[in-house]
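Heads up, there are several structures right after this.
First subunit A sits with subunit B, and in the next complex the same chain sits with subunit C.
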Partner chain A sequence: IYLLKMNKYNTHTHTHIYMIYDYISNSASFCLPNHSTTVRRPFPLSHGTTTLGFIFQGGVIAAADTRASAGGLVACPAVHKITPIHSHLVVTSSGSGADCMLWERILTREIRLYQLRHRRRLSIRGTAKLLSFMLHPFKGTEVCVALTLCGWDKESGPKLIYVCSDGARLQGDIFSVGSGSPYAYGVLDGGLKWSLSKDEAISLAREAVFRATHRDAYSGNNVDLFHITAQGWSQRKREDLKEEYYRDMEKRSKDRRGKIKRE
Partner chain B sequence: MEYLIGIQGQDFVLVAADNVAASSIIQMKHDYDKMFKLSEKILLLCVGEAGDTVQFAEYIQKNVQLYKMRNGYELSPAAAANFTRKNLADYLRSRTPYHVNLLLAGYDDSDGPGLYYMDYLSSLAKAPFAAHGYGAFLTLSILDRYYRPEMKLNLKKITKTGPK
Partner chain C sequence: MFYCVLGFGDPGKMKDYHYTGPVEHKFSPYAFNGGTVLAVAGEDFAIVASDTRLSEGYSIHSRDSPKCYKLTDTTVIGCSGFHGDCLTLTKIIDARLKMYKHSNNKTMTSGAIAAMLSTILYGRRFFPYYVYNIIGGLDEEGKGAVYSFDPVGSYQRDTYKAGGSASAMLQPLLDNQIGFKNMEGVEQVPLTQDKAVQLVKDVFISAAERDVYTGDALRVCIITKEGINEQTIPLRKD
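Up next is the complex of A and B:
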């Protein structure tokens, strides 16, 4: 109907045929074998983040930035990317913001149902497997979630498991996810030791997120830090990375002044 | 890319896999185990698309164990290999094919050792030696040149360095 209207009111039908062609080829690129109808996206989905988690002698640290980007727009500068599921489990999210919010709610619901039905809390490994199996039917669709479950099991101690919508499920000691993850890995791999104290670990996590937000355009604004121990999770006050940047600038200019004095 | 290799001798099959789990340019794990124990005498090595590998391999693993529970005796390596291939072939032309490359290594008490090569198009071949991944391009020619069916296994060397 739209095509007929254009032909009626405009003599430049040639250009409009090209416009329709563009529309068809664009919607064809969104066309998936699983979908019978294709819907054109009104704006790019919010992606882009830096999240990280690591295990050390004092428990598990989870850290993330707070920027939600939609293409080149900062859709929201103050998002919560780390969500507590229960007293001993938090999940850091990256990928599509909407998908992560939904799947975190679904996971919380299923964990709570399991607890009510079986009168015991599901282990972190079990939680990760449950989430992975719930996401499996959506493999190949546009669902994009990459979650890191950071928690403490009563039986087996600290746990860090990465689950993503591709189906990967990896348990490890250190994970960083998102567009800023390579930069965070650089800082973490260099400074992480098992024997770090709690304050050293927190400042390392903050430094890693700061360096990632400095280089990655899609990460920024603030940093959220969570610390999980056998007693449960505790959250630090959200810190503006602008302050960290000025502290870093101050330190650099002091170093430069010291160097010039010595020379 | 992920690498698998298997070599069959007179009374053994030797398999090895790398330990990296990568996501595009990032190595997410350096100590990832790609081997799945189907039974006491059968190992399945599985590489391919993230998620598909673990899902498919665990499905085969649990079904082989279920067979033992139901029937009281274990599947032979040849039967396990053909069962795996059939499942892969059934999913191949469905809406959700599994993109996995496999090596199945087993020891049959009556037939002896066996190494089975399977790829994501569910082709199955029993081979004296096989490899998957980019490394296969480099190692298959070495194996062609130096492999002999009567090769012996130097266990001392393996236990010294420690299999990963």
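Up next is the complex of A and C:
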């Protein structure tokens, strides 16, 4: 049980940590792991992904693949890795599927409570800080979340902040997270310019996820794309990367035919 | 195929069958009791099916231990994995259902049960319930709903899902027959209840052929707005 001061000037970070203990202990007897007697788990949990986000002149783009792998098995080929928190914030998740799902749920709850208590929406930077402080007690445990908060603040415009369970909290213009991120970074770094149009940015994001899923075994299936502007987030229809692959093959075979003609 | 066959081993590492010197075995609180669960959602029905074999290592404990548990008039849960955790988890779910009924004066909907189960499982994030759950039932609009879980609470709504020891064998078959995936030029007809039940029976017969932990008998629970209808069909006993 904790005491919550409803004072406008009070920072709630300290009490939030106790709220998390409370929340989880309310569900069941939650024991923080005791490292000398950690139980070996006989099953693998879902991991492996490619997610990315970047800022350009038209807002923020968030993209992710949709594969959840558990060891060598594709546990689910159609997961939602990008979840909206509120109308101007989406979060891309990477790491352990269950951890991301539950922590996003906790974050959504805290943001909503903040909005109800303080009659204003918490900024993206504030949200990231809150999430980072909530994850801090679990540093060193098996909790594995690497979230990218992509949103639009009324005061400061587009924002992209990376928060992970190791304690990192970084603001930037491009982030890619997950096992497929090196491949995605290559494509993004090569093609990203501030002055891209909306369609060019979307096709760049899709291309980056496609290349990553092509090379990374743990990413694949479909690509989800979200576009965040001052008016809020909008989601593109989920696209099957199999189609993208066949389109790409078509294009390459045309080029090859072209080359042979020239010689 | 399914790493937990070894019980305690590292996933992905092949076991060496030669003398490596004295090894200290630590007590593991988990055991793998086998079993396969399947759920399919139709337009106005849902089917949850499981085999009834309870095994451990090379032995069979019981040939009549079904893994489907009725939660409400419109929801059935299938739990496979470690039988001890399955029993405790279903007890906890039943208790929480009663509490909800007493404080809210209504039965929990399938979606609500799924969300609750997710938080129950995550409450034991650092000493998980070794159970693969699949919930099948009807949602508020009367349409079939299937929710599949991983052992620590990650879940989502599906049209069909297989869980348990033969899941990796059955899921591609379901993808093909119900999801019409990886086929070209096929007419995508919606699944009728009779076709779905026949498909589930065929799928389990195949599973019993190829998976040692699946067999003995098949328990099918068909959930419609009239209620829950249970059928038992014999499978291979070897």
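Following the convention adopted for this analysis, the second predicted complex is superposed on the first by the 226 of 263 C-alpha atoms of A that agree within 3 Å, B and C clash if a C-alpha of one lies under 4 Å from a C-alpha of the other, contacts with A are read in each partner's own complex, and residues count from 1 in each chain.
The criterion applied here is as follows: a contact is a pair of C-beta atoms (placed from the backbone, for glycine too) under 8 Å apart; a residue touches a chain by one contact, two chains touch by 3 or more.
Everything numeric here is computed off the predicted structure, so don't read it as measured data.
By the touch criterion defined above, A:102 lies against subunit C but remains apart from subunit B after alignment on the C-alpha atoms of chain A.
Judged by the touch definition given at the top, the superposed model places A:72 against subunit C, while subunit B stays out of reach. Applying the stated contact rule after C-alpha superposition, one finds that A:157 touches neither subunit B nor subunit C. Shared-chain residue A:126: touches no atom of subunit B or subunit C. Look at A:140: by the touch rule set out above, it reaches subunit B but stays clear of subunit C.
In the superposed model, A:175 makes contact with subunit B only, not with subunit C. Once chain A of one complex is fitted onto chain A of the other, the partner contacts of A:166 are limited to subunit B, with no touch recorded for subunit C.
Between subunit B and subunit C, more residues of subunit A are touched by C. In the superposition on the C-alpha atoms of chain A, the part of subunit A touched by subunit B in one complex and by subunit C in the other spans residues 33. Residues 21, 23, 25-26, 28-29, 32, 49-52, 54-55, 95-96 of subunit B are the ones that touch subunit A when the two sit in their complex. Per the touch definition, subunit A reaches subunit B in the complex via residues 33-34, 132, 136, 139-140, 162, 164, 166-170, 172, 175-176, 181-182, 185.
Listing the residues of subunit C that touch subunit A in their complex gives 3-4, 7-8, 11-12, 26, 28-30, 32, 81, 92, 118-128, 130, 148, 150-156, 158, 168. Taken in their complex, subunit A has these residues touching subunit C: 24-25, 27-33, 38-46, 68, 70-73, 75-76, 79-80, 96-102, 141-143.
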